[in-house]
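The data blocks that follow each hold one structure.
Two complexes follow with subunit A in common, the first pairing it with subunit B and the second with subunit C.
Moving on, here comes the complex of A and B:
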């Protein structure tokens, strides 16, 4: 008779908790920081004019090419509707590539598209742009890779091609990727949790599972859990996450967190549970530990 | 055919029944969760009373915000109908807070990055929120927190349907560019990233932009720029306001006034 009770207890343990978000207190008041200005840092803030400016959406040509570009834009911004057959989680392309792939330091498409084919450290070979996008679908969107001749892939490539109108080919454009963040002496997930709760939890939730509309779509994307990117995604690597956080988060105040804080938050996100690495077996995923640098 | 022994059958039955019970409990829990919240009728009627007639020292809200909380588009008084109740409560509390009571606020990021590349990383002091307004400060200071909650409840349940305001194509196009894509070259996020797609608002912290008088929206951006309104999380809206030009404000306010919007259907 003990077995069922034990099972019940186990099942209760794995059920998600339903604690509501704490009521409105300005979370920053939990831990006010008022110390002496001892650390001077450089702000690599965007300097308008320094970055490539892609064409405006209103200028998409009204022909068949323009129609495919517009469709690609829809797939990019609303992958949950237009690319759903390839997507396994709750994210869109524009969850990480902000402003429809236009924003410098958030993986701008106008900097990525002209730089492929390129050598890729992750796979240790030279990949084309299409192969790179396939990896996004497999890992960041935790789904299946569209074939290179899939209509969705063609539309996405057309959109990227249009966004890169006038961009020089095969150069490292300023604003490419997520910028650089130096690794501090130590990054602590515990400290990261405090910063997360005061700076991130209002939108992404205290549980990190994002916030949803009544219709089930994500308003603020999940940072971990089953609807987030999987363990093989680039964002899982703490360094990449720290770079993204520092350059883009919180929305509206980029570069406001210090390198230390960005790394702490990245470590706090890294220790959370997320979908398994599809390249590895279940056994390896469950029992073989990985380091924050692996992805 | 193999026949189960009675003992084994018994065990299996117990297991199945337990699983079924668990499922039933789960279903009941889900159903209870989905049940709509019961409305506190006494608080609702008290809020209605207060909104209509006010009391000693308090002007009735309807005087400026309209008989059904629809606002006054000509004078730029905001619409209250259908706003989040916690949002209304927070704003009233911020109106009531004396700016002198709050701690100093020091902008951590220097605006002109080229000339002042070095900033003090650790010199961030956060303040509790304050909102300066000639009319609302006086009213909010007299209200008790219960009355604020009653007003929030009353106005959050009122229906509202926006009347789209026409504007020329160029204004709308520029407004849409800001509302849907922001200013990527300045790293200014789009309005809809937080205020919800179609500007319908999201939760207690992100009020709707659609269905508000354009004059009110522009005035709020100006207040943020001047520092008279300072009650946003991590100064996010303040930073964003500082990136908006006067033309941007007019365009984006026209864009949101042009959207059709409905809340709490009648």
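Moving on, here comes the complex of A and C:
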């Protein structure tokens, strides 16, 4: 009679330690919040600081695996140079996946990699991580997908694999994706333009075409125009864009914009001109308008 | 006037080391115009091949362009033939992958470093060959073996290209029948768009070859690209799901360094040394055959050693300029001669034309579907298989057929590298077999009379020509036995060896034994030789006495005390 109770008690003791092991916690990595009265802003994160912590760059092993990881990191952060063969616009992987793919709510790689293969509503089938990365190249980077056996793909997968060291597999980790934003009553592109000009145009330019380094690469990525993501990219979807803006923008001051403001800006970005959807014929692209929800 | 200058230069040591001084004076307005035209054609022709062969050798496409630019310039300047165009080569590409894919995955930085090191090693070996004047070695390489190797490479390329042709992925480096088996059970995964584009490419290539004088590969690429552009206009590039080539990052001076550092080179050392030897051989064999056949068509005298030095230098340069191994290209050289090239200036012009084209067309080339490239490779592979020649070789009921089938089988199932080594071995064996059969005629009675001097006693004659050495001992003994059946060793025996090229100790010993046998019946064995110089020493060592006879003929008889 005593045995089950004992077992239960034992399990009770073990459970929390399980949880602590599964996702490492390092409170000092909690982002400094904006200088706004943040208590008034509803932050969608679970508990502050309770995000998975990927390994440090200095901890990349010094062997062949480490070399491939390092190569993958270079492709990820400087896709314009190391992934030139496959990129059709001016962006890098790290243009959306901030902090080299480490930032929670900016499509962190450590949350994405362990959750594949997964079903995607966008393609209506189960895709592997490699196929998912191919889509990034086709849509967000408006380029040519590397083949699944391409060495660049291998390097990117190795980098993702390394970033996810210790992450639990097939689990929705806190911080994954771009967070959630409720759709306000109405989102207005005109209002979004004003907010854009006051909050975003300093870096991304009043024309939204970004700011370049002297060598021609982008310091701040273009939000529309021929060097930006195309109409099939996830970011084209106003909702995804709003989520990203709220969780990450302005850079260094996440969650400083209200949900309404984020949606307005997203709508303003959405109405701009950008490369065609490569999944559709040229004629469809030219004559049939896209709806905000479509992606 | 021109002729005088060239002959004068030909004798100077400067022209020996800088062979382009031979043809530089030939340039005038007329030849320059012809060369520029031929150079333009050659520069355009190489584009599809450069991309396809780069992929075949496991290198990103830009390396194919580098290989089609720098080595071509070096061979033009330092080679001997005026019409050979160097560049990427199919058999060498296949061989490179099969050697190096064990040590690193193709297209990775490690693999690229290995390839560049290998290019340098091959260049050094080839240069050594040329400087040691071993060009003559390639005369012994059997034509049959070459045809078998090229046919094998053609089949390998075609089978390997089927999967990208259909938009499929199969495991690489498996035996051919496994690849075909894999294809059979992944039929339902075929990408119809990719297969369609591939088919259009192949068909237009064949049609262009049959009905037009337009270069078939160019026609195939242009039509295939157009078809894929139109297809994607209607369907959308992401919906076709075709794999594409990607943007080429072309650099005007792609410097590289052969890497012999222990941490990378040591693992691959053994394989790379053996591989470098086999690649050096395969590349030089093809270059030599091409140079010779070009010389036959153009009437130019080709210095084979100089040609080999040129190819060696081109590969050494390739090691520092991000190239994989290059060698003479048959279809390019033939097209070159056809388009009226006069001097090797064509190679230099074609290199620059290619450079400019790639620089400006790379945004279009980026969208070249892999299926199209597989179609090009199938055309290339098909072009390598010379059906008429294969049929001819197979119909020969001699060792030629055996050699052909053995080399082909080894190439297909044991890899091109083993095919090369077996081919070399078989060439030597068949060469030895051929020379080891000296022509021996057994003549008796009246028919024999004309072969010995009138003052000799009546006897029988063995008419021997060719070469006598240890390998020919069995043939010699057979002939002597045949003679013994006729005369039971009771006649004088005269060996008429006026057209003999060589004789060695082993065959001399056979003669000495025979001389002893004849001496028992009091008969002599006399060798009738053309001159006394050739074999004097070895004959004297064995106790022969040479006596000059009429008509400059020497007779060698075994001295009395030795009998």
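One rule holds in what follows: the second predicted complex is superposed on the first by the 249 of 295 C-alpha atoms of A that agree within 3 Å, B and C clash if a C-alpha of one lies under 4 Å from a C-alpha of the other, contacts with A are read in each partner's own complex, and residues count from 1 in each chain.
Just so it is clear, a residue touches a chain if its C-beta (ideal position, glycine included) is under 8 Å from a C-beta of that chain, and two chains touch if they have at least 3 such contacts.
Since we're looking at a predicted model, the values are computed, not measured.
Of the two partner chains, subunit B is the only one that A:53 touches; subunit C does not reach it. In the superposed model, more residues of subunit A are touched by B than by the other of subunit B and subunit C. In the overlay built on the shared chain, the residue A:219 is in contact with subunit B alone; subunit C does not reach it.
Using the contact criterion defined above for the overlaid structures, shared-chain residue A:255 touches subunit B, although it does not reach subunit C. By the touch criterion defined above, A:286 lies against neither subunit B nor subunit C after alignment on the C-alpha atoms of chain A.
Of the two partner chains, subunit B is the only one touched by A:203; subunit C is not. Touch criterion met: A:103 reaches subunit B, while subunit C stays clear of it.
Those residues of subunit A that touch subunit B in the shared complex are 1, 4, 7-8, 11, 18, 23-24, 26-29, 32-43, 45-49, 51, 53, 56-58, 98-100, 102-105, 108, 199, 202-203, 211, 213, 219, 248, 250-256, 258. Considering their complex, residues 64, 68, 71, 84-88, 138-139, 143-151, 154, 232, 277-285 of subunit A touch subunit C.
Those residues of subunit B that touch subunit A in the complex are listed here as 14-15, 18, 22, 33, 86, 89-90, 103, 108-110, 113-114, 117-126, 128-129, 173, 177, 181-182, 184-190, 193-194, 196, 202-205, 233-237, 239-240. Interface residues of subunit C facing subunit A in the complex, by the touch rule stated above, are 60, 105-110, 169, 232-239, 243-249, 366-367, 370.
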